[in-house]
Amino acid sequence: MRAITGPLAATNDFVVKFANINGSGSASANELFARSILRMGVPVASRNIFPSNIQGLPTWYEVRVSGEGWLGRRGGVDFMVALNPQTFDKDMASIEPGGYLLYDSTKPIPPEKFRPDITVLPIPLTEICNKAYADPRQRQLFKNIVYVGAMTSLLGMDLEAVKWLIAEQFESKPKLLAPNIQALGFGYEYARDRLKDRCKLKVKRQDKVGERIFIQGNNAAALGCVWAGATVCAWYPITPSTSLAENYNRHASRFRIDPVSKKKNFAFLQAEDEIAAIGMVVGASWNGARAFTATSGPGISLMSEIFGFAYYAEVPAVVFDVQRGGPSTGMPTRTQQSDLLLAAYASHGDTKHVLLFPEDPHECFDFAAAAFDLAERLQTPVFVMMDLDIGMNDWLVEPLSWDDTRRYDRGKVLSAEELEAGKTFGRYIDVDGDAVPYRTIPGTHPSQGAYFTRGSSHDAYARYSEEGATYVAGMQRLLRKFETAKSLVPKPAAREAKEKARFGVIYYGSTAVAMNEAVAVLEQKGLPLDLMRVRAFPFNDDVEAFIAAHEQVFVVEQNRDAQLMKLMVGECAIDPAKFLPILHFDGTPITARFIIKEIAARAGLAEAEAQEAAQ
Amino acid sequence: MTYIAKPKLHHPSLQPNALGFTRRDYEGRISTLCAGCGHDSISAAIVQACYELSIEPHRVAKMSGIGCSSKTPDYFLGQAHGFNSVHGRMPSVLTGAAMANRDLIYLGVSGDGDSASIGLGQFAHALRRGVNMVYICENNGVYGLTKGQFSATADAGAKSKSGEVHVDSAIDLISMALLLGASYVARSFSGDKKQLVPLIMGAIRHKGAAILDVISPCVTFNNHAGSTKSFDYVREHDEAVNAVDFVPARKEITADYEPGTTELVRQHDGSYLKLAKLRPDYDPSNRIAALAYLQEHQAQGELVTGLIYVAPEAADLHDHLGTADTPLNTLTEKELCPGAKALEVVNGEYR
Amino acid sequence: MRAITGPLAATNDFVVKFANINGSGSASANELFARSILRMGVPVASRNIFPSNIQGLPTWYEVRVSGEGWLGRRGGVDFMVALNPQTFDKDMASIEPGGYLLYDSTKPIPPEKFRPDITVLPIPLTEICNKAYADPRQRQLFKNIVYVGAMTSLLGMDLEAVKWLIAEQFESKPKLLAPNIQALGFGYEYARDRLKDRCKLKVKRQDKVGERIFIQGNNAAALGCVWAGATVCAWYPITPSTSLAENYNRHASRFRIDPVSKKKNFAFLQAEDEIAAIGMVVGASWNGARAFTATSGPGISLMSEIFGFAYYAEVPAVVFDVQRGGPSTGMPTRTQQSDLLLAAYASHGDTKHVLLFPEDPHECFDFAAAAFDLAERLQTPVFVMMDLDIGMNDWLVEPLSWDDTRRYDRGKVLSAEELEAGKTFGRYIDVDGDAVPYRTIPGTHPSQGAYFTRGSSHDAYARYSEEGATYVAGMQRLLRKFETAKSLVPKPAAREAKEKARFGVIYYGSTAVAMNEAVAVLEQKGLPLDLMRVRAFPFNDDVEAFIAAHEQVFVVEQNRDAQLMKLMVGECAIDPAKFLPILHFDGTPITARFIIKEIAARAGLAEAEAQEAAQ
Amino acid sequence: MTYIAKPKLHHPSLQPNALGFTRRDYEGRISTLCAGCGHDSISAAIVQACYELSIEPHRVAKMSGIGCSSKTPDYFLGQAHGFNSVHGRMPSVLTGAAMANRDLIYLGVSGDGDSASIGLGQFAHALRRGVNMVYICENNGVYGLTKGQFSATADAGAKSKSGEVHVDSAIDLISMALLLGASYVARSFSGDKKQLVPLIMGAIRHKGAAILDVISPCVTFNNHAGSTKSFDYVREHDEAVNAVDFVPARKEITADYEPGTTELVRQHDGSYLKLAKLRPDYDPSNRIAALAYLQEHQAQGELVTGLIYVAPEAADLHDHLGTADTPLNTLTEKELCPGAKALEVVNGEYR
């Protein structure tokens, strides 16, 4: 047990958690809260923890305020806004000693029901709203704004910043502006007048946000698809990938309208299931369009057969896998990195697929664009391995950027002129020695370049063949093509410790934000660590070199079975004894505290140090 | 096995069509199907239809699933790109291809196992979306390539070669298509080229989802007594509702058109379907009546063939999607990429 | 180039290959030939090499006659029966120097067209048949029997044995007996009179067959399912697994008819696709029946989603994967061992599945039966990983056996009485410490034992839960259950070399027959090898110990990507540097010659020795 | 989230049924659906039907796919085993379960996305096999659980909450079911318990594939103006062809039966369906006429409800398969294992 301390006091460094009921309209209020702090120049990291359900079940929204700019989950809650009676007890129990609890005191709770080591902040939300509004829906909705108002006062936030944001939000619905501002005032004033100085957590204006934007990975990836020239999106709804497709449609409907006809320079189709979605993507890619789908684990499983087809017939395809908790239906609204093995080896027979691992929404945008170049350059499916944490949470990231001189890499596609020039065309001939053949798009030329695409074994001219040697030659070329991929996929991001480090750490994807913080803390505690963030499969040679250069390498993953580690030992011929897997897979985003604790313990950091480091 | 290239002997008597192509230019590789297989006759009918329509072969995309039937796109239109996909998924692959380039002719070939068993979902959804395509199901009531098991179109009561009796209800793709909103619905018989060729021609010129259910006997596994998909059975039970003639767009309508018994249907592109009414009470423009007619006559053991239904002005997938006229696969950075400035605007919206 | 030797001479040790056109009725004649030799007490190994097509394409049938009892493919052809003009040249080219060529000399081929180093045996098959038969179909069919007759004479086989077999074959169609015997005579007499002493390959009666039976793996596995009490088979046709399901139906229709009602004590259903097939299997198993499906690679891909469900909801299922050449449609009529990675980790999220690797039809029977015990004991899918080579070829194996005292292991199923006794039932409680919970069958008890099966995350009582700790506890129990599986699956079969061996060899499945021969040869040449035949995944600890005990370990597989090796390094934490993968994946069954050559070369056996060994 | 157990307060006024169970004994856990969701009314109707039929709860197997609708089996019949499978695959899982034990009642619950989009193939094939089941599709025209996208049963022209107009042809599961050979076909409305309860009772007692398409408004995503699956829309367009009363097997047929306007259909188990003919021209024993009627009236914007079709003596899956009467899951080594001797005989055949 930790000693009971006084009320927590901190400026720009604490965690607020809102416990709500889903369907009650709290989401936008909570987001308003987070964005208001951003407007004050203070970095925040927000995480939405919601049930697989539409209405009436517990949902939480966690806001980490971090003047230092740590964007991973820290772990623990300093200030709980406990508005859900179903989870009230649990929510209270999860507050750090010395923390705060805000609750709706319309029906006051007897003091002995509260933990003695926390500060309780009662606000009669229902009473305030019932007084102010007659309409039951309004009574419900404005409650959320009232508590945001109260928080604004309690944390010493800039009331004008909040109002400004509300004004922006209701720009198109001006009627709603005034009542919202009013509700905000109710809360603000109540707290200012009745709860003055009760809270020692404060937000203070900083200049740490800069040009950064606050955006969800699914949205950023969707923008990447638009900027990268994707014209066909075929998909099937599934949490947590749905908003990727829906955002693509939204952005494309804005940026891709033919100026004359007002018709769409893209095709957006909700398929009947995931098998159809990937079938459409493969058909469209074969026909020369940039096409993609977005899905999650169950969809990846269902698409397996067609992934093998695309691998073997060498058809480009871009697939976003926004990973959630598996196996099976698992935890549809929780995060995990547990589809790596499936995606890497998807489909029967000998197959290997290219995977990209973006660390945040910014990289989702970049890798979305890169995925189309890679898929067309390599003529193969490319998987962008996101997760719910990146995909469905707003993250504070560098602004998205695009170089107008950049040209799409459409890969080796023969034009009518090139065909006319009369080079003999064989669909699967390795002309350039990089194992990537040339392809043609249907309808290009009246008499040159037609071929018959098939998933059955074929020769260099795409003709059916059951000849063993022909088949083997094709399969070996595909292996060589995977070697070519190594040099084209994003290189791992390495960071060396200031001192010489015994240990290396390999990690990827959404783990990065928590890792950055964990490493800073561990380094301070005397444990230097070299870092390598893997950004793609196949692994670049740098990965092997990094592993070779360290006595032991921690591999930090958000799955049970150390899937990246398995890929590394299998594909890079590395002795598994080198690896120390650190696995977090309960469906919540990995925290800096967890990483610190695990690494400290296994690196033999003195117990006390480790304990302390983990705080 | 090595591939046997087909000798390209140009027969001097072969007439060139309007584009100067002879029938040979519409052929493909030598078939590897069983001698006498109905599917080969359908390939020949496709060749004939494309020849007569003077289609540029390379403007056709041939798509298929898996099965003996699905192999056939290799055996016609050698100058067209082909796509032999996986079992039952041709419709989605075709839909994707059609999204990418609205200007090609999409010819989907499938089998009854491919379309009615594993592929029923994709079959249905492609039709209800109005994908602009010609979908030919080469229907033999069995899985030819896996050696003769019943498919989902096998009729209840039909006997297999080994004497097993089929018990489940048959899936009637044509009735389904009528329910699902297909806008050109026909049934024919691989042994009746006269009926089949103009039906294919009409389907190619149709805008929207055209489906042809072509009974195509499997001589190896389903051509015995007791089968309801044998040559003999089909010949005996075939009841054509009309005889179709295809009249190209700019051709004049000649005088052999007798009102009352003959009907002209103008298609979207200006071509006509000239229907000789073999069943005077049959109206192929009435979907509901067509469905009822099919049900009644099929219940009596008749195999209704001909142009069952046509809606010449139906909307297609691209109308539904609102796609621009320029094929998506021809757009470049210029049309596609909003550029750095626009991205700056977007960034601003997330601050 | 090898020196040209005289005509090959050998007794009970040669390879005959028949080159035919499929659909011409040759298959049963060729099988008659093979069985006739068996009847003479001489072991044979036969391999059918057929196209993915019904009629008119090349097909081959290879018969290895091996008095020593080697049952793998040897490689090479000593006697070619070349009846397919399409492949004639290639077939001739493939004959060993000094070998023989039998052809239909109705249209004689000029002598200069033949290789000079072989003996040509012309027989006017068409002429003989056209003379004897009027019906075109008969002319075609009897040609096959005529060449069998000729072979009988040329190889000095026992004519009576052949006649006897024909008599057995036509027992039910006596009308066909006489014409077949007559056709046999035509060929026999022609060869006896015109080709006397031209062939120095001979079959001599031996006593090396014993009680063994000649059976296909699909058939033996089907028998295993019947004997093991499988009552539900749901499947979808796919080469090369179709005959497994069809044989199950045949045997069950014979052995499983209710004596009174004459109705079936089994349900055999051809599903609309593989997803439905596995859905039915899972539904039936959940409801307490022993249920299975048989499929091949594409089916496994399609079933992926439901495999994950069965893993996570803990529903038994038995799946036969008769592997063929992948990826995608690949080579549907060729053999491979290339679905291991897919099957082992099938489905999204963290999953692991139990795999069994039978070496021959005999073990297919045993493992089929074992699979049902394991699936019910462990409440999880069990994959029997066969391949086309075992599944669709007749193999000479020990007779199948069944112990009548054997009881089915139905696993932990609570009866009405046990429920009545009132123990609290929680579907996923680890009562016994082996991580295998208890289950109940629907309808068992009016008020006890009902639970809600789901693929979403659940607690020990099968209730929906999004609680991280609850989820983690369940997933960790599944890992422990996989540990339990280790002790239940068939142990690897080990064989130590007589001398101390530097090298170990690990292999599995259909590779065994070729391996047995290869090792015998290599040992003779001075390379002792310790062998371990892996029979299941998860790997038993013996596998790790075996690897540890050797400097280097060859892993011999019939796939491109060393899939078993990847499983071993990933799951057993073994340094990949220990392994020397030997990979054969052209779709033909691996040969002893191939293994010998590869091992010899990589074990540093002197070049000459290696060359010689490989002959 | 922890699970909230339902308080088991036995209301003193609850009447026990023939088996001594009260309505409470047919309930399940507390629903987590949105307040007012149509699906909850269907659960209540199932509870009522089972209660009235005096079914032993544990003799029911509840199966479902994935979706809001598919969650509901957790909310009724708490003493029955449930199986919440994967998206769109309930029909196959149910079929397998039914093969294993022919003696339970199989109640499949699905949504329109689950049945008509991803699951259309399995839906169709389960019906055409005559699986002995009650298949309830809780049809709201949208994917509730993934937040309101159109499903394949959304009508062309229907408007989404965000104003998007649906363009593809709708899949009408009831017309499909008629084509596919289902032997008990009904449509109802979650808001009409009076119609729904007896239809469920009749379906439970029916032998063979019974399908109920129950329009079940999604109050959160599809209950606005412009929707064709809203409470208001359905109430306005509902046209019942008959009013069904379920009469248990041994109960006497009382006198309120007026020939001409009322019809009695005797089911396989001796129970009766008493049909009050609301549309005098409607004959639910004529499949072909029913299909035609549906098409015509639906084309006029009517939503036809009631017992659309019933074939009380249809064969079911087990008839088709020839399965013995004893449930397969109760057989033991004795019946199942042919034993060592038989195996010796088999060995002999392979020498």
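First chain written, first letter: the chains are A, B, C and D, and each begins at residue 1.
One rule holds for everything that comes next: a contact is a pair of C-beta atoms (placed from the backbone, for glycine too) under 8 Å apart; a residue touches a chain by one contact, two chains touch by 3 or more.
All of these numbers come straight from a predicted model, not from anything done at the bench.
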item	value
Furthest chain, CA centroid comparison against subunit B	A
Interface with more contacting C-beta pairs, comparing C-D to A-D	C-D
Chain centre separation (subunit A, subunit C; CA means) in Å	45
Separation of mean Cα positions, subunit D and subunit B [Å, integer]	35
Subunit A and subunit D: spacing of chain centres that average the CA atoms, whole Å	40
Sites on subunit D at which at least two other chains make contact	1-2, 84, 86, 117-118, 120-121, 125, 129, 152
Numbers and ranges of subunit A residues touching at least 2 other chains	51-52, 272-273, 298, 305, 309, 328-329, 454-456, 466
Residue ranges of subunit C in contact with subunit B within the complex	23, 51-58, 86-87, 90, 236-239, 242, 270, 272-274, 298, 328-329
Interfacial residue positions of subunit D with respect to subunit B in the complex	117-121, 124-125, 127-130, 152, 156, 167-172, 175-176, 179-181, 287-288, 291-292, 295-296, 299, 315, 319-320
Complex contact set, residues of subunit D against subunit A	1-2, 4, 32-35, 66, 68, 84, 86-88, 117-118, 120, 143-147, 149-150, 152, 220
Contact footprint of subunit C on subunit A as seen in their complex	51-52, 296-298, 300-302, 304-305, 308-309, 311-313, 325-334, 336, 338-339, 341-342, 345-352, 454-457, 466, 468-469, 471-472, 475-476, 479, 559-561, 563, 565-566, 569-570, 573-577, 585-588
Residues of subunit B defined as touching subunit A within the complex	1-3, 56-59, 61, 63, 73-74, 78-86, 89, 91-101, 103-104, 121-122, 125, 129, 321-326, 328-331, 333, 335-340, 342-344, 346-347, 350-351
